[in-house]
Amino acid sequence: MQTEVRYYQEPQLSKPVMICGLPGIGSVAWLAVNHLQKELKAELFAEIFSPMFSPKVWLTDDGIVKLMKGEFYFWKNKSPAPDLLLFTADEQPYSPEGQYELADVVLQLANKFQVARVITMGGMATDKFTEEPKVYVGATDADLVKELEGYGAVKLAGGAITGSNGLIFGLAKTRNLSAICLLAETPGYLTLDANAAKAALRLSMKLFNTSIDLTALDKQAKENNEAVRRAKDMSRGTFPHEGKKGGDRELHYVS
Amino acid sequence: MQTEVRYYQEPQLSKPVMICGLPGIGSVAWLAVNHLQKELKAELFAEIFSPMFSPKVWLTDDGIVKLMKGEFYFWKNKSPAPDLLLFTADEQPYSPEGQYELADVVLQLANKFQVARVITMGGMATDKFTEEPKVYVGATDADLVKELEGYGAVKLAGGAITGSNGLIFGLAKTRNLSAICLLAETPGYLTLDANAAKAALRLSMKLFNTSIDLTALDKQAKENNEAVRRAKDMSRGTFPHEGKKGGDRELHYVS
Amino acid sequence: MQTEVRYYQEPQLSKPVMICGLPGIGSVAWLAVNHLQKELKAELFAEIFSPMFSPKVWLTDDGIVKLMKGEFYFWKNKSPAPDLLLFTADEQPYSPEGQYELADVVLQLANKFQVARVITMGGMATDKFTEEPKVYVGATDADLVKELEGYGAVKLAGGAITGSNGLIFGLAKTRNLSAICLLAETPGYLTLDANAAKAALRLSMKLFNTSIDLTALDKQAKENNEAVRRAKDMSRGTFPHEGKKGGDRELHYVS
Amino acid sequence: MQTEVRYYQEPQLSKPVMICGLPGIGSVAWLAVNHLQKELKAELFAEIFSPMFSPKVWLTDDGIVKLMKGEFYFWKNKSPAPDLLLFTADEQPYSPEGQYELADVVLQLANKFQVARVITMGGMATDKFTEEPKVYVGATDADLVKELEGYGAVKLAGGAITGSNGLIFGLAKTRNLSAICLLAETPGYLTLDANAAKAALRLSMKLFNTSIDLTALDKQAKENNEAVRRAKDMSRGTFPHEGKKGGDRELHYVS
């Protein structure tokens, strides 16, 4: 079976920005893009079915079957924001070859829609918890890095980014696409780090020159903050690592 | 070497139902489909040879060699039952890519024979042994779930199904094929859970509007029941896990 | 890189018998075919280079580099023996897909030369050492099994054969090639079991209706016998397992 | 995604010598080729992007993204030295198939530029540290081995070379390309063995009939020598293994 991109509609978009968020450490990128999709009511227009995803299916609460897949959404701009293409998936491909194939398929679609810029996100593991995580930035050219630094991002000087969120970013450069990667600090023991997702989204919004309601993420972030505080109280400062969304598909930033 | 589907005859069938049963937990699906094949004297008409199966061969009691393979059988209807296509195999493919390829090949054949409905089966691991296992159902649409609930099945609300029996089911949906998956409760420590196979078959028969003699399965089921009872007597209630058909190819339902 | 079969000459053969011997338990098949090649002075006429072999090279005593490869030799008959094609390789492919590919390539060559019969060999692990190992036989049809039983082989009633020596045998059946597999008893702890190789060759010779000098193998066999005897003396009957040619590429007969 | 060789210019070269140096034990080959590139100011003219490399990206100190890749450089001769093609990469391919593919791609390029000779290098693990490591040589024909012995190399009589530096060498022979492999002694616990790289380069220079400034390597070599001496002083002769650049991609010479 070959990878299949199935189109449900052909949106007419004007130099859209593509934002990619796949599962990874702290689910930072996944949370950010899924929040954007819900908040903007972005419309599903294409899906990826592929052997690069795990051979399993999910069932909805209604007992309806769903394959593991990637999903593309679009959102027509409310000026001054650009049109958006969102990409997310149920998981990252399990094999290295699959990682490359997914990045390739995503960037072919980016090319088809004449995407002006690609943004990928991720978490950067740190030892400490903070309610105001820093966001690190890498890009395909120095001007973009400087622009993001102007918005408060910290330059990623050296290091490696593993997995789809890094590979889509890196392959974009070889296709002459302008791209940035935003990595928000995350303590590593949080399954859904809404603080980090918020921090990455806030920076993106400055880039889009628009604003997005982050209330839904605030709720999750507050729960995390309180859980961390309780744990710290109990252990008098040493925070027990808990509920790591383990597994060998977790991808880490290694500086 | 490429996957090869070799046809021995080209049966003329009218909107057949395809029932797939590959090895898995408790061998539930495999037992059910192999029982159907023997009971109905369904005829072999095609085989799959493929590198997605393990690189080994079997020998019959007569010393004749057999490759690992998949097998398709057909059965012409005795009204009011529909024509049947049965699919089984010696094992599930060992790689994720192989799992997708097998599901793809099976559904291509389903398409060729204009299959009206695809049924896959499996075991759902539970902690306790019961002589009357529940059967859970998922489907490609809500009406099918409701129809099966009417026959006594329990809706699979959420969860994942891993392996071929799940993937054939899930890929069917993307090919606009009507499909259901029946998962019978099985305690996990039984190699051949005939009770679970019977429970899944009984539900299928309601769907076919026909009846099939289950005597052969009854015998295996009775043996299981007695073995479990003896073990319980010996251990006064705590049942020792025994004879697990181990190995990494065993596929589990994870709710 | 694709698998490449490189021909150095195009021998004209009359319905040759193809004998395949790849490394495996006790190196039984490899020893047998390499002995045949040397004894008959069979000529190299083709080689297989392929990514299905390990990514490494060998150096000769003269410092000349050699790739891992498969080798085909031919021997023109001295009546009443048939023409022979010999196949051996430095190792078995490391992946399941590679195992199928190698078997496929070998049988395509068998087809090209209109091979009358394919013989594969192997070792069957036993617990005890014997100077007169039994040889088990499986075949593509019952008449062949009976013919070999007439020569003293024991029918392989049930069981599985893993790896290239089994897969070439099994795929031969699906290509309508007549094939047999000879498995000689081997204690498992011998790296080069010349006794077992001799036993398999002796049976093959009856099938070829010819005779081959086994002196060179006798020497290795004698060394093995003496080593086993010394070890038994020292340990008063319990034989220490020694010098197993370990590694995950070792293939076992599992009955 | 397929492997892509991207050309930035098409150098006109006259029967160039190709020198390949990929990461491996002691980084011997990688150090040697990277030193050559810097010292000769060889120009980048092509890059390899491929799923055979790890699915990750690097960031420069300026925050600019870079894919894992292979790089080809050229250097126009200053008589009497030949034109040079240099090949290096960020890592060796992670899979056996990838190792073959990389070697194939490199040799296709060698063919395109009518390369007169291919030189690969590597480290040969030894137990002891020496400031004057021996260099072992294997080649595609006996005359080359003898020529190198004349320059002070030791013949590699037997043994295996695993990984890209061996495979490019071995595949060259099947393509009728003249090739040599130089393996410099390295103690195994050094991440960057500049002594070994120098020894391999000095031999190559005799082959090129030219001279290259090794000062930059001398500095690294001196640091290694001093670190080893300090460690020996502290442990009175038993040298602690330190800072092994571990991981399963490390490739070893096994004699």
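Letters A, B, C and D name the chains as they come in the text, with residue numbers starting at 1 for each one.
By our rule, a contact is a pair of C-beta atoms (placed from the backbone, for glycine too) under 8 Å apart; a residue touches a chain by one contact, two chains touch by 3 or more.
All values reported here derive from a predicted model rather than from experimental measurement.
Trainee: Superimpose the Cα atoms of chain C on the matching ones in chain D and note the rotation angle, 0 to 180, in steps of 5 degrees.
Mentor: It is a rotation of 90 degrees, to the nearest 5.
Trainee: Shared numbers divided by all numbers used: is that above or below half for chain A and chain B, i.e. same or different?
Mentor: Different, since under half the interface numbering is common to both chains.
Trainee: Averaging over Cα atoms per chain, report the distance between chain A and chain D in Å.
Mentor: That gives a centre separation of 38 Å.
Trainee: Could you give the separation in Å between the centres of chain A and chain C, each centre being the mean of its C-alpha atoms?
Mentor: Inter-chain centre distance comes to 54 Å.
Trainee: Could you tell me which residues belong to chain B and also touch two or more other chains?
Mentor: Residues of chain B touching two or more partner chains: there are none.
Trainee: Could you classify the connectivity of these chains, where an edge means two chains touch, as line, ring, star, complete or other?
Mentor: Shape of the chain contacts: a ring, since each chain touches exactly two and the loop closes.
Trainee: If I apply the definition of touch given earlier, which pairs of chains qualify?
Mentor: A-B, A-D, B-C, C-D
Trainee: Where on chain A is chain D touching in the complex?
Mentor: Per the stated touch rule, the residues are 96-97, 99-101, 103-104, 137-142, 145, 155-164, 166-167, 169-171, 173-174, 179, 181.
Trainee: Over in the complex, which chain A residues touch chain B? Could you list them?
Mentor: 1, 6, 49-51, 54-67, 94-95
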